[in-house]
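Can you read through this structure? Questions will come right after.
To keep things simple, chains are lettered A, B, C and D as they appear, and every chain counts its residues starting from 1.
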Amino acid sequence: MNVATSWLARSVSQLSPRLRGVVATAAKPERDAALTREQRRMLKTLQAIVDPQVSEVEGGRRARTVAAGYATATPEQRRDMWLLMSEQFAPDAKKVAAARDQYDTAIGTPEEGQAEIRLRKALVSPRTRLLQRFSAFPEGMRFLLDLRAELLPQLKGEKRLLALDAELENLFSTWFDVGFLELRRMSWDSPASLIEKLIKYEAVHDIRSWADLKNRLDSDRRCYGFFHPSLPDEPLIFVEVALLGEMPGSIAPLLDETAAASDLTKATTAIFYSISNTQTGLRGVSFGDSLIKRVVETLRAEFSKLKTFVTLSPIPGFRTWLGRHAGAMLERMERRARTELQRSLGGEALTAELFLAAADNARELDAASPLGHLLMQCAAHYLGQELQDGKPVDPVARFHLGNGARVERLNWAGDGSPKAWKQSYGMMVNYLYDLKRLDKHRVQLGQGKIPVSGEIAKLAF
Amino acid sequence: MNVATSWLARSVSQLSPRLRGVVATAAKPERDAALTREQRRMLKTLQAIVDPQVSEVEGGRRARTVAAGYATATPEQRRDMWLLMSEQFAPDAKKVAAARDQYDTAIGTPEEGQAEIRLRKALVSPRTRLLQRFSAFPEGMRFLLDLRAELLPQLKGEKRLLALDAELENLFSTWFDVGFLELRRMSWDSPASLIEKLIKYEAVHDIRSWADLKNRLDSDRRCYGFFHPSLPDEPLIFVEVALLGEMPGSIAPLLDETAAASDLTKATTAIFYSISNTQTGLRGVSFGDSLIKRVVETLRAEFSKLKTFVTLSPIPGFRTWLGRHAGAMLERMERRARTELQRSLGGEALTAELFLAAADNARELDAASPLGHLLMQCAAHYLGQELQDGKPVDPVARFHLGNGARVERLNWAGDGSPKAWKQSYGMMVNYLYDLKRLDKHRVQLGQGKIPVSGEIAKLAF
Amino acid sequence: MNVATSWLARSVSQLSPRLRGVVATAAKPERDAALTREQRRMLKTLQAIVDPQVSEVEGGRRARTVAAGYATATPEQRRDMWLLMSEQFAPDAKKVAAARDQYDTAIGTPEEGQAEIRLRKALVSPRTRLLQRFSAFPEGMRFLLDLRAELLPQLKGEKRLLALDAELENLFSTWFDVGFLELRRMSWDSPASLIEKLIKYEAVHDIRSWADLKNRLDSDRRCYGFFHPSLPDEPLIFVEVALLGEMPGSIAPLLDETAAASDLTKATTAIFYSISNTQTGLRGVSFGDSLIKRVVETLRAEFSKLKTFVTLSPIPGFRTWLGRHAGAMLERMERRARTELQRSLGGEALTAELFLAAADNARELDAASPLGHLLMQCAAHYLGQELQDGKPVDPVARFHLGNGARVERLNWAGDGSPKAWKQSYGMMVNYLYDLKRLDKHRVQLGQGKIPVSGEIAKLAF
Amino acid sequence: MNVATSWLARSVSQLSPRLRGVVATAAKPERDAALTREQRRMLKTLQAIVDPQVSEVEGGRRARTVAAGYATATPEQRRDMWLLMSEQFAPDAKKVAAARDQYDTAIGTPEEGQAEIRLRKALVSPRTRLLQRFSAFPEGMRFLLDLRAELLPQLKGEKRLLALDAELENLFSTWFDVGFLELRRMSWDSPASLIEKLIKYEAVHDIRSWADLKNRLDSDRRCYGFFHPSLPDEPLIFVEVALLGEMPGSIAPLLDETAAASDLTKATTAIFYSISNTQTGLRGVSFGDSLIKRVVETLRAEFSKLKTFVTLSPIPGFRTWLGRHAGAMLERMERRARTELQRSLGGEALTAELFLAAADNARELDAASPLGHLLMQCAAHYLGQELQDGKPVDPVARFHLGNGARVERLNWAGDGSPKAWKQSYGMMVNYLYDLKRLDKHRVQLGQGKIPVSGEIAKLAF
């Protein structure tokens, strides 16, 4: 046994003699043929966790030992363990077949319901139980989340891991049911160790310093996160909110640390200017919709004058999209606008390449300039017309429109950062959450029509 | 529409016009044929909760409205709703069949794992999603637990409800995973509203008064419960512990409110003298094993001198069992003992009836009397030898032995209460939790051999 | 040394050898002449606490040892200790004289202020420092409060203890400054150990059971107490409040455990029906005024419809007072009323004795009966006219009127208990707290005029 | 009335008409003669706070109004208010005289104790009551502390303010009695708003960044502060502690953010490397001694292997002191050492000036160099021999030695910062807290002998 597998040897050697016996005999030979000696050892260690003869408590203790060994394992050992978890803990095919036959027979009879449940139970794989044992000790949830975050980038290259990934997503979606999440406000009075995580996870507008952070937690701001009892010290998702007297068109004033706090008693508008997910391992389990709705309720209870709930959002996919659709956009353009643009670009024949090159080099241009106006029109089209598989193409639009918001206003020069220039020529967009129309908007979107304000409708081609 | 169904009407009428439309058309006609008009209305209300076009948040809001209506519904309406939930929300049989076929094909191939998960997803019934929506609002968990507690007694008479019951048990076993439970000590400093619940739920030795309760939470006692984040104000299960210098043979001193607190610095023995489950609705989801082990860890961390962890338990099934097996017991008896007993009973021929009648009328007898000794022997046999389906026949024995404890000592006149006389001629038993042997004992029990102390082994026939 | 003084010997023997030397020499001989050997030992132990050569921390440690010994001391030993504390720790008379001379000289000059402070510092006796040392350890405050509670009944018989009592009162009034008290609501969710104290300390209407207590903490009730950081587990004073739609005339409905909770959304009137001080040791340090005002603020913030704040109070001194003033009351009576009363009593000559005897034997009489009406008039006179040293004679009236309340309404048969019959023929009174007039009423009372409602004014002679 | 005094006018105008009358008449004419019209208004406002006809609650409300006005007052107005508070609220001289006469008569009689207390009561000035009213509202304590912090620098120039200062110190020493302080650990899990204050108040080694701060709150560190119930959000004093395997000689490793956390299980030595008072306004009220002792107890309870408690301290006064005593030091030096030094300095005649100049220019020298060694000897003399009014001359030494510590070890090049070079040629000192000898050391110090280690004794001249 080489050094690299010593953690497994250690894990096994920590089992009592009797259990080592159990481990040695429990493995199913037919699946083990191709395994190396080290992999067989590893498999036995994992099987010992779900040994039906030991209690859940003991199973959890063993899972903990494995998790401790995993921390120092090599990438190859980890990958081996994933494959074992994914492939060696399938449900008993015979039992599944029997339960399935019963179900087939029962369909349409009063026994259907029971047969259905029995079939589902037969399908609850040892893999499920194996993963559940890790949730039995503090930090076990952290272990599983990190494991999946590490696993995700490898899925494309190794389909054999998909079963483990699907099992984890399935368990997470039950464990992280929105009903178990607690909405908590984070403020400058929260533990430093907690708000340090805001710096770490902020995904939209980087937090540059503790002073920047303090500004975002100032008296005229709110920051809320969803917390799970098993991960009490970090938000799964959080949103930063500014409270103002009007809908803002630019992010700069919101991030200005030196600006005075606004007067909360006059605030009519809540701006969700940053929403960040923190756990890669929770991909496929979504909280954003619930978070925003719970935050809206909470804000309305605190500030009775609030009437408008709106985002100030980036448009991350616009420029890339335009690169591919510039020609089509030019065709949609009115002749007069095209002529004007051509003239402003020096009079050459107006091609997609010329158009894009002009856009690339025009950081200083104005919303009212021919090129500026055209880019706005393209963005309005992009956000208000383009669907892919029935959903908005822009990922941020997909999220907010999926929640029932509508595209409210485009803001030229909304964000002066290089990132924003690269994504959307610096444009930002407001999505409006009109609480009385969320469901109406969702239905409308379901019918293939993106809800937009009159202003956007007019702007789009 | 009569008065009795008005809550449903109300629930439906609170939906917006558009949604009433959805409700009106979504029901699957083939299953609805036999439904009354009121049942069809009810079904539509339930279907609106899992309408795929509405968000989880909105679904939760609708579930809440239904829960509010349920509170004032008649028994018939409730039963109707259970049946609808049980029968009308089955998974889509065609999708299940398709997924099953894929799975069959994939077995043994690298796609097996994925196919397995896909089949399981196809089996996730709308019923599951329906019940999950109730977990999305505070008090929703309470609603589901109470619903199942109300449902359970009806299962025998109505098999059609079994699917709903199984679905609930399944969800509860995930939601109430031990990893999500918090062990909390309850003391006289806990909220009155919380410890009032100890009075309500105590199942073993009734709490007679607040003074009795205070005694059980005294400085030489400990009381621990498992709590779930969704039910923060009540223990799911709790255990009462006394800390003494020796293993006690009788419950009376433990319940004596006037006794002085014992000296904790000298305590060597922790006695688990009462364990109570509080939620009927959680039948099939067990916490007892974990609770005891977590409590043992907690106690050992606090009191380094503690060496012995033992219960003082009732023997609820003994007397009933003896009623059926008195003859067999007499046969096992040694001739000398039988002669002595016969003489002590007046010399008549020794029949099972005579034996039982003598036992029934001998409250004052002594452990050393021929009859007393024989009853002790019978009890030792009952606890240490009798198995049913491979498990101890006594329900309390089943629990503790299943956890890995062993039968340690029988205590004549352990409990002077009428209930104890009726159950076990007043005998009590200590089960010993020897932490190093719990797994060994479980294996031994699995092999059909009940672990007992030398004393019990000697006593048993 | 006899057994009785062994605790002192122990205390001294726990000091290190060096300190025993300090103790042995520090005592001032002139004051010690009359002391017994045991008293001298005790004195040395106390002096060691304020030994200027030891740190405050060490002084506190010594005080703690003395407090521990005190717990098992005999009444004689305790009394000896009080006398030593009272008499042996006076300020240094020479330093006082010097500081006083400086002060006399400084009066009217710019140095006056400093001289004043210096004189005050010279007067800070070693006794003050001695008592302060007891506040340095947890439970030390409890010790001092209990010591004073034990001391108070002895003051009449032993004037030598007055200095100790005054010193304690003085320290308590600083330590228990209202600014350091925290107003906390107590409810059924408060710790059982805390609300158990409500039972213990309730002074007005005894709490008969935990059910009675639960009723008083019900959803339509409020109970608030003042807490001090050094005694976090018990209220210094607490008030019980009912929230109703009108001013109540009788206590019975408020104490009825079976009555349904009233509708809080309609509550217009807060009734303070019981106010209890818990610490005898805090005599002379008053919180009642602040408590009521803080509670009124708190209630108004929670219930916007509350308009009326009123007590329902006993009249503890009325019957005793009437026993002494029955003759004068008869004289004040109108001829017609007197004649009517005489007739109703059987026509004998109307003497004070006859009047009082009739009142004593007339539990069943009616407010409208001649005797009933007359007693009401006497009570109105008692509460609305009678002053002693410029203050209302009734102790409860003295408290509420001193806070700025006014006498609002007399309630015949307000309290059916034997205690209330004995105190006031069962009558109760409402004092009204009209927040806008509290100061006006206080000024009016300061001018010798008791503020009363028109109804009371009309009723009084 | 000019603008500057408008806050007073506002304060007065907020009183009710009746009270304005009270205010107008209550002022004592004899003291008011020299006051301006504005000062008389201000005086009336202050007098209204202690008006005996209003309740404490109302008095507190008025104090609050004054505090609000003070926040926007000019420096002149503030100073006027201080003078009024200092001079116009003296006790009644006649009452004091009467009480004093009674006391004189009572000395030596059983009435002495009572007479003493009565005299003290007569000396409780209206000024005391005035300041107490500010403690009755939240933020009032903050107000008084800030007021005194602002007042202190002015005392030298204006003796008339001394009475106010002494009164405040007196009240603070009662209110901030150590018995009322809570020891709390501060960690990276404390609120950001709290630990931000560590940055603000750290007095010994500046906190350079949040990363520096995080290092000081790391797992191998502890930080404790004393908190008062009236100022729950800021520590009055705090100490930073490192836990190591040995006594450190240099501060740099302790402040190194990149160093790995040390192994706590092996820690034998607790190093108090920074102690900071935060409230200038509490001058004269000391907590340091108690803090260190409480922290030692707390650390010993948590880490059983800790044996040594030691500081790593600056020597702030050394270089300045040496500047004045260099000549005397040279005289004490042994001939051989002097010759060696002279040679190392180039052979010139050894004068104090030359010596000091050499020291000033020798940042790079070594502890073993002649000059380095001599400076160490001088520092050992400075710390171990020099007393002023019976106390160590160095302020930090005064604090630790006063607590019973001893001078343990001098560390050449203990602190490389410019500040440390300027104060002590970069030297640092360890003071040892040997818990069993604290009192012995205090006595020794009281007898004029500074406790030092053998090493220091040998080093000193």
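Definition applied: a contact is a pair of C-beta atoms (placed from the backbone, for glycine too) under 8 Å apart; a residue touches a chain by one contact, two chains touch by 3 or more.
This one's a predicted model, so the numbers in the text were calculated from it and none came from an experiment.
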Target subunit D, source subunit B, minimum contact steps: 2
B-C, C-D or A-B - pair sharing over half of the A-D contact pairs: B-C
Interchain centroid distance [CA atoms averaged], subunit A/subunit B, Å: 39
Rounded Å distance between subunit A and subunit C, as computed from the means of their C-alpha atoms: 62
Distance from the mean Cα position of subunit C to that of subunit B, given in whole angstrom: 52
Residues of subunit A touching at least two other chains: none
Contact graph of the chains (line, ring, star, complete, other): ring
For the subunit B and subunit A complex, residues of the former touching the latter: 16, 18-19, 53-58, 60, 86-87, 90-91, 93, 96, 100, 103, 107, 110-114, 116-117, 119-121, 123-125, 132, 135-137, 140-141, 159-160, 162-164, 166-167, 170, 174-175, 177-180, 182, 229-230, 289-290, 293-294, 403-404, 438-440, 442-443, 446
Of subunit A, residues touching subunit D in the complex: 188-196, 210, 214
